[in-house]
Amino acid sequence: MSSDFRLKEQLPELTEQIVATYTPKDSINHLGHCPLPSYTAVVEILLDLKDILYPGYRRKTGLHTGNIRYHVGSLIDSLHDELTTQIARALRHESRVQKKHTDCESDVDFEAKGQTMAIELLKRIPELRRILATDVQAAFDGDPACQTTDEVVFCYPGFEAITVYRIAHQLVKLDVPFIPRMMTEWAHKQTGIDIHPGATIGDHFFIDHGTGVVIGETCEIGRRVKLYQGVTLGALSFKTDDDGQLIRGSKRHPTIEDGVVVYANATILGGKTTIGKDSVIGSSVWITKSVGPQTTVVLEKPQLKVRNGKNDSLADEMNFQI
Amino acid sequence: MSSDFRLKEQLPELTEQIVATYTPKDSINHLGHCPLPSYTAVVEILLDLKDILYPGYRRKTGLHTGNIRYHVGSLIDSLHDELTTQIARALRHESRVQKKHTDCESDVDFEAKGQTMAIELLKRIPELRRILATDVQAAFDGDPACQTTDEVVFCYPGFEAITVYRIAHQLVKLDVPFIPRMMTEWAHKQTGIDIHPGATIGDHFFIDHGTGVVIGETCEIGRRVKLYQGVTLGALSFKTDDDGQLIRGSKRHPTIEDGVVVYANATILGGKTTIGKDSVIGSSVWITKSVGPQTTVVLEKPQLKVRNGKNDSLADEMNFQI
Amino acid sequence: MSSDFRLKEQLPELTEQIVATYTPKDSINHLGHCPLPSYTAVVEILLDLKDILYPGYRRKTGLHTGNIRYHVGSLIDSLHDELTTQIARALRHESRVQKKHTDCESDVDFEAKGQTMAIELLKRIPELRRILATDVQAAFDGDPACQTTDEVVFCYPGFEAITVYRIAHQLVKLDVPFIPRMMTEWAHKQTGIDIHPGATIGDHFFIDHGTGVVIGETCEIGRRVKLYQGVTLGALSFKTDDDGQLIRGSKRHPTIEDGVVVYANATILGGKTTIGKDSVIGSSVWITKSVGPQTTVVLEKPQLKVRNGKNDSLADEMNFQI
Amino acid sequence: MSSDFRLKEQLPELTEQIVATYTPKDSINHLGHCPLPSYTAVVEILLDLKDILYPGYRRKTGLHTGNIRYHVGSLIDSLHDELTTQIARALRHESRVQKKHTDCESDVDFEAKGQTMAIELLKRIPELRRILATDVQAAFDGDPACQTTDEVVFCYPGFEAITVYRIAHQLVKLDVPFIPRMMTEWAHKQTGIDIHPGATIGDHFFIDHGTGVVIGETCEIGRRVKLYQGVTLGALSFKTDDDGQLIRGSKRHPTIEDGVVVYANATILGGKTTIGKDSVIGSSVWITKSVGPQTTVVLEKPQLKVRNGKNDSLADEMNFQI
Amino acid sequence: MSSDFRLKEQLPELTEQIVATYTPKDSINHLGHCPLPSYTAVVEILLDLKDILYPGYRRKTGLHTGNIRYHVGSLIDSLHDELTTQIARALRHESRVQKKHTDCESDVDFEAKGQTMAIELLKRIPELRRILATDVQAAFDGDPACQTTDEVVFCYPGFEAITVYRIAHQLVKLDVPFIPRMMTEWAHKQTGIDIHPGATIGDHFFIDHGTGVVIGETCEIGRRVKLYQGVTLGALSFKTDDDGQLIRGSKRHPTIEDGVVVYANATILGGKTTIGKDSVIGSSVWITKSVGPQTTVVLEKPQLKVRNGKNDSLADEMNFQI
Amino acid sequence: MSSDFRLKEQLPELTEQIVATYTPKDSINHLGHCPLPSYTAVVEILLDLKDILYPGYRRKTGLHTGNIRYHVGSLIDSLHDELTTQIARALRHESRVQKKHTDCESDVDFEAKGQTMAIELLKRIPELRRILATDVQAAFDGDPACQTTDEVVFCYPGFEAITVYRIAHQLVKLDVPFIPRMMTEWAHKQTGIDIHPGATIGDHFFIDHGTGVVIGETCEIGRRVKLYQGVTLGALSFKTDDDGQLIRGSKRHPTIEDGVVVYANATILGGKTTIGKDSVIGSSVWITKSVGPQTTVVLEKPQLKVRNGKNDSLADEMNFQI
């Protein structure tokens, strides 16, 4: 009535068979003496930064004017070290990938570069707080279910995704590789909101409900923009080079000007598509061409089949999705 | 080949610059001697309540008739204390916000009020179990991929979101501020399903797949209703008062009567919109007007462009979203 | 100014009232001496398997050719034991449900069956690695925002969902009950992507962004298929038997042939619906009939109401969803 | 400036050399499929038992008459399971050692025997509480530095050692192998007091300060006995059999009758040595013969060399220990 | 081959029997709504204080002049809160014991008193650091095996015991009940050195090796004193009052003047016994009378039986202890 | 009824006062960018080494011939890295202390030296296992209360102290500073047995009970030696140089030849003292001169005062220690 120890004897052989599949050409192992940034450390960095950006809400309670300096100072100190380490790893990894090196050595002092970038990020915290405060205000002003700005900071997933995006975007501007994407994909898993860290987004930004929102790498979004759940700001078909390889980096996603509102599940596509200032895009609308300023676009009265009565044979005929 | 200790010397100055941005007017700090409810504690409360609602599934194994009394009794005891503490914090916070106080003192005994509310919630557990059992049955009856009701309790995200909603809704009815929203936003992050705790929902409720579902604060949903992923039960444009401030609290979201089924990605909007008893709303349908009872609404045969052949220049012209 | 100890005295009575609701007929308790698989253990199994499938990325750093054998061997050994235990629990539970037994005893040696299945899963790891490497390549080839294949392994939610699906699908093929669904629902919570473990999916599979994707139990998906966020591969209305009970297990979901691309929020429904080889389904398209090979289907130029100017009364009239 | 990866390449070879030393004859490995009792689990059992013996002192706070039943019931339930498992392991191990088996199989149902012993131990808890309460009283009555009996329970190492001894001694009486010694050696490490679980000790027992106390396996100690730090109740030279092997189990340690006090660092040796009722043995006394009842034994005025002045050459001559 | 579920059914009855032994008269339960100080919290307080007293050695690494202020400030802030809470608990407990109250209520604001005492302790940290630095120097100067003062701080058990004593002694001077003894008994368990927190000890104090050292409550120890392992500074027989109760608090332990050295296992007893300035007490000496200044006391050449040859019958006759 | 927030306002000032005491001359801070070895890491190293030396006993259960290679290989790999790091820290620290440097920089590659030493230690594991197996055998052969050799490995404190000593002694032989003493002082705290890592000790070494044993730095102990609790192998008074500084490193502790037994609380002092082969030193004997081979030394029949009757006035007169 228990497992058979003789059967277990084949496990070493199994192990050998698995290990034999780890080859240098294999794209899904990362063996060697040159570590990638640590996922756990990057998440911890985000949590520490949020403690500084919004003191007193989450992890550390009992903060007040008498102790806040010490709390922030301790966090800044450890963030300096951890950011330096992780950025240095990301830089070294990028350098190896670009030079197709397999070993870890290099003449470049990645630690020094990482430290410079880390300190620069920390210097931008006051500016990050300034812009994030506008995002909180935009959420409060835009959501009638919201009672206080504290709620926004405390539990709005949209605000969480924006916070992580704004941190990660600063790292993109500092040319830190790899880590910004780790950050926003973590926020994506937390919130269902996928904002590429390369996008440009102005202040007073608000995403309500948010699940399913996708904002592409080359989007440009103005100030006071508001998005609802399921909005896609996406690309059109991709350009490929002569070898059939994707051309990476060109402007592929739309431009959304100041004051635009995009309702739930609307889809706006293409690098040449611009939604003009103060325009309103209705729910479920699908747009691939530019729209002028102060324009309102909604679905035409939808074509619906409506029948009285609900019986199974009818439903079957009509092929309801399930 | 390592970080420069001299560069670190600017960190204290950086700390001062950050701390200087924490001002009393600042909307994104919560400094002072008067703590908010603890996010961690609220999540722990939910996990404890789920252990009581569905004994034997998740955290504590080996429960049987001989020990279940002890397990539940221990949880009830600690829930009493923790709920009392967290509700008292929420009440004190709300009182300060309403009175625009900055300090923590008050003549009100928030602890005593919190305790009364905590005990009242615990008293409602048997009723919560009764109604949640109908939700499990509805899931089993409505999903052909479901083998046993155990699966529903164990791993259906829709059922998890409903469980948290039903707990949070009881707190709303008890006039507990802040915490209900913390709870449902936690469930939102877990499941991608955003049910406002103020909504009213009858028994035998089932959400299948669920990612992207949004149910607004003033929704009224009857018994035996079934929703699929991506369904929005949302508001129309918001009323503002003479100062341009949103009017909060009025009926803004639709009414869904008993027995209605809403298929994936359908959108139903507006506080005056009612979907009549036993009606069926098809996938991707967009509705802003009321629909009578026993009515079936599906998309008209959609207008599609269909071309044979797939080549890149064509695709480009057609502007596929990516 | 604190909670009243006398009020606490009613807690034992409350406990009794709750315990009284745990009856043998109750569908939402699992009391008894016969445990279900442990959710925590199943998640741990997934994390261990991912460490073997993609060595060096996440939990264990510093792996290299000198120590990888030891790391994998240790994991395989503990996976053998844990998989055996959890599969045996699932088999015993299924047997009891099918025979409507209430106690835990049986003549079947579920441990021995569990061990055989556990070892068989471990034997399939090299093949899993082979096919998952094609999925990574597909992601890199299909996403212009992707810099290296490492990013895919490290942080693409779509790839995480596919990984868990591919593991769970092997367990389905081995006739392991209950656990595959626990696994994919865990991935669903992590990523917002809901792939039923019973679906059949070929190599080079890529899901971009992914939030809201639903792939039903009886889907058949070919090689080199690419899906975007919000795609539903769903069922039509369900068949019921003479008692009104759902008929479970029949082919209800579509077939997607090799090389098909389905853009964001498209909906494809029905067990008889087939999307032919190398076809392209545009964003937000809604399909319930088969489409031939090499066919492109996009929305007809959508019917939109466009008005210049944005003022509140107009918006109100137009009923924008919020 | 870092470790050399080439040097690491010899680690697999090193591993092989170490593994080669693990042979079946090797007395310091325990390889095989038949586990020993878990040290961690045994310590956890002790902590759980102490929570039941002295509710409200240490790990669980906030216990009161309304919840104590639930707390104890939960602990008893898990203690039943854990004790059953660990005792069964100890019985199986002992059986293998006695029969010089190398594999784990046996016709004996060690689990069933373990369960019987576990329940018997739990039944003895009320009696353990009765006798331990006398030990607390003895400590309070005997130590002028003690303010309340709570202090004794909370932080007297002597009382901790006695508690563990009394638990372990019950297991000895139930013929549980191996585990009693694990328990008292754990207490030995905690407190510096080494009481063999086989010793017999009456009620109202008090050990003050306690470091260095040794109480041998065959000691018999009456009621109301008091020991100070460094007291040894030891054996005389051991008997050996014809093969030169030690004869294990015979009476080798002294008998201490009711009411005896033994001051610090006294040494009492031998299985035939009895200290009569109500006698007093002074500090640093060394005894190998019996002493009658109501007898006082102290060191004769010690022979000391006393010189005035302290200078190094003198000290050197006198050979002070350091 | 497993435990019998029917046998488990007696566990609830067992639980009842145990709970029935928890009565109000019972000296070994602490049930009620009025908690004792938390052992875990008190230990944490000690660890935090040691981090401040000796920054950079143990728990927190990477401290330097740029971050030490923040680290200390954070610790001071949380120490303030935790000390206040624990001292208030101790004061309330003492008050109840003295007044033989059974409930928790009182007119005294124990929190306020606790806060005053907590802040006073924190104010004494600079003075504690001054005197502890002399103890480190004394250890370095007195131990030829010591290479650096860092070793003393890092791993000398004697220094650990002195550190805890010096903290606890300050609390005694502030009239904090209960907690000082918890602290020194914790150190006793860690190091085998039992210093009563009521003792008075001057600067430059050194205990080498230390196991078994006992220093009683009313000892007075001067400056530059050095003790070795096993030294007892104890009491003579206790005075009792007319009821036979011990008289607590009177001077019972010796006075050791400046510059005295006491070698290993020496015993000095009695409240009237004084060891004069700069005297030396040799190893294993036993003293109950005062000794003048600059006096050296060693054992007279010990009376030993020496025989050549070692055979078992002889050893037996001589009764070697084991 | 709670703490006063105004009083807390003095905490920042308190912090400044404390920080002001951290000066470069201060012997009890370790501020700077050059870390000491981590106490936690050193303890973890010991636990890992014990897992390799005695596989299957403690932390990792379920080890067998099929998986032991993987377990050991993983440990060796991480031990290599951790030992390298910690030894490098110790070397750098020693170098700074010797050169009275205050900063961390040096031309020496301490990492490389650390790695060489780490690998050398790992190479000595097979030899360590060989000699430790003789120590286990000696314990079994010497203790009639011992049932199996497993007990010795599992729970004998004496064997634990010897294990740590033997590891630390190898590090001493490799000239690793600081860490050996950290290791043996940790064992000292665990067991009450203080063996200096510089001592030399032959095979088949056994310490029974052990609390209070002290073995000095320059002891030389032969093969098959047995010590009981409280034995001191100590130094005589220390030599000082012309400046009054202790002369460190000279032979100060005794030599114990093969086969010697030293009973409880015996004291043997001085670098010139040798206890000859196969001699026996009785309990509580005090020796400062050499003893020839095969000699037995016991206390002369002790001079005791014995009186019948126990009454308080008598006891008082006789000055019993308490």
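Here the chain labels run A, B, C, D, E and F in written order, and each chain numbers its own residues starting at 1.
Assume a contact is a pair of C-beta atoms (placed from the backbone, for glycine too) under 8 Å apart; a residue touches a chain by one contact, two chains touch by 3 or more.
Here is each chain with its UniProt name: A, B, C, D, E, F = Serine acetyltransferase.
None of the values given here were measured: they were computed from a predicted structure.
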| item | value |
| --- | --- |
| Chain of greatest Cα-centre distance to chain E | C |
| Winner on C-beta contact pairs when A-F is weighed against D-F | D-F |
| For chain B paired with chain F, centre-to-centre distance based on mean C-alpha positions, whole Å | 58 |
| Centre distance in Å when chain A and chain B are each reduced to the mean of their C-alpha atoms | 22 |
| Residues of chain B engaged with two or more neighbouring chains | 1, 5, 8, 11-12, 15, 33, 62, 64, 66-67, 69-70, 72-73, 76-77, 81, 192, 211-212, 228, 230, 232, 234-235, 238, 252, 264-265, 267, 269, 283-284, 299, 315, 320-322 |
| Footprint of chain B on chain D - complex, ascending | 1, 62, 66-67, 69-74, 76-77, 81 |
| Touch list for chain B against partner chain E, complex | 5, 8-9, 11-12, 15, 64, 66-67, 69-70 |
| For the chain F and chain E complex, residues of the former touching the latter | 1-4, 7-8, 10-12, 14-22, 26-33, 35-36, 38-39, 93-94, 97, 177-178, 181-182, 185-186, 188-189, 192-194, 196, 198, 208, 211-212, 214, 216-217, 228, 230, 232, 234-235, 238, 246-249, 252, 261, 263-265, 267, 269, 278-280, 282-287, 291-292, 294-300, 312, 315-316, 319-322 |
| Chain C contact footprint on chain B (complex, rising order) | 52-58, 61-65, 68-69, 72-73, 76-77, 80-81, 84, 109, 111-112, 114-116, 119, 122-123, 125-126, 129-130, 132-133, 136-137, 141-151, 153-157, 190-192, 209, 211-212, 228-230, 232, 234-238, 240, 252, 264-265, 267, 269-270, 283-284, 288, 299, 302-310, 314-315, 318, 320-322 |
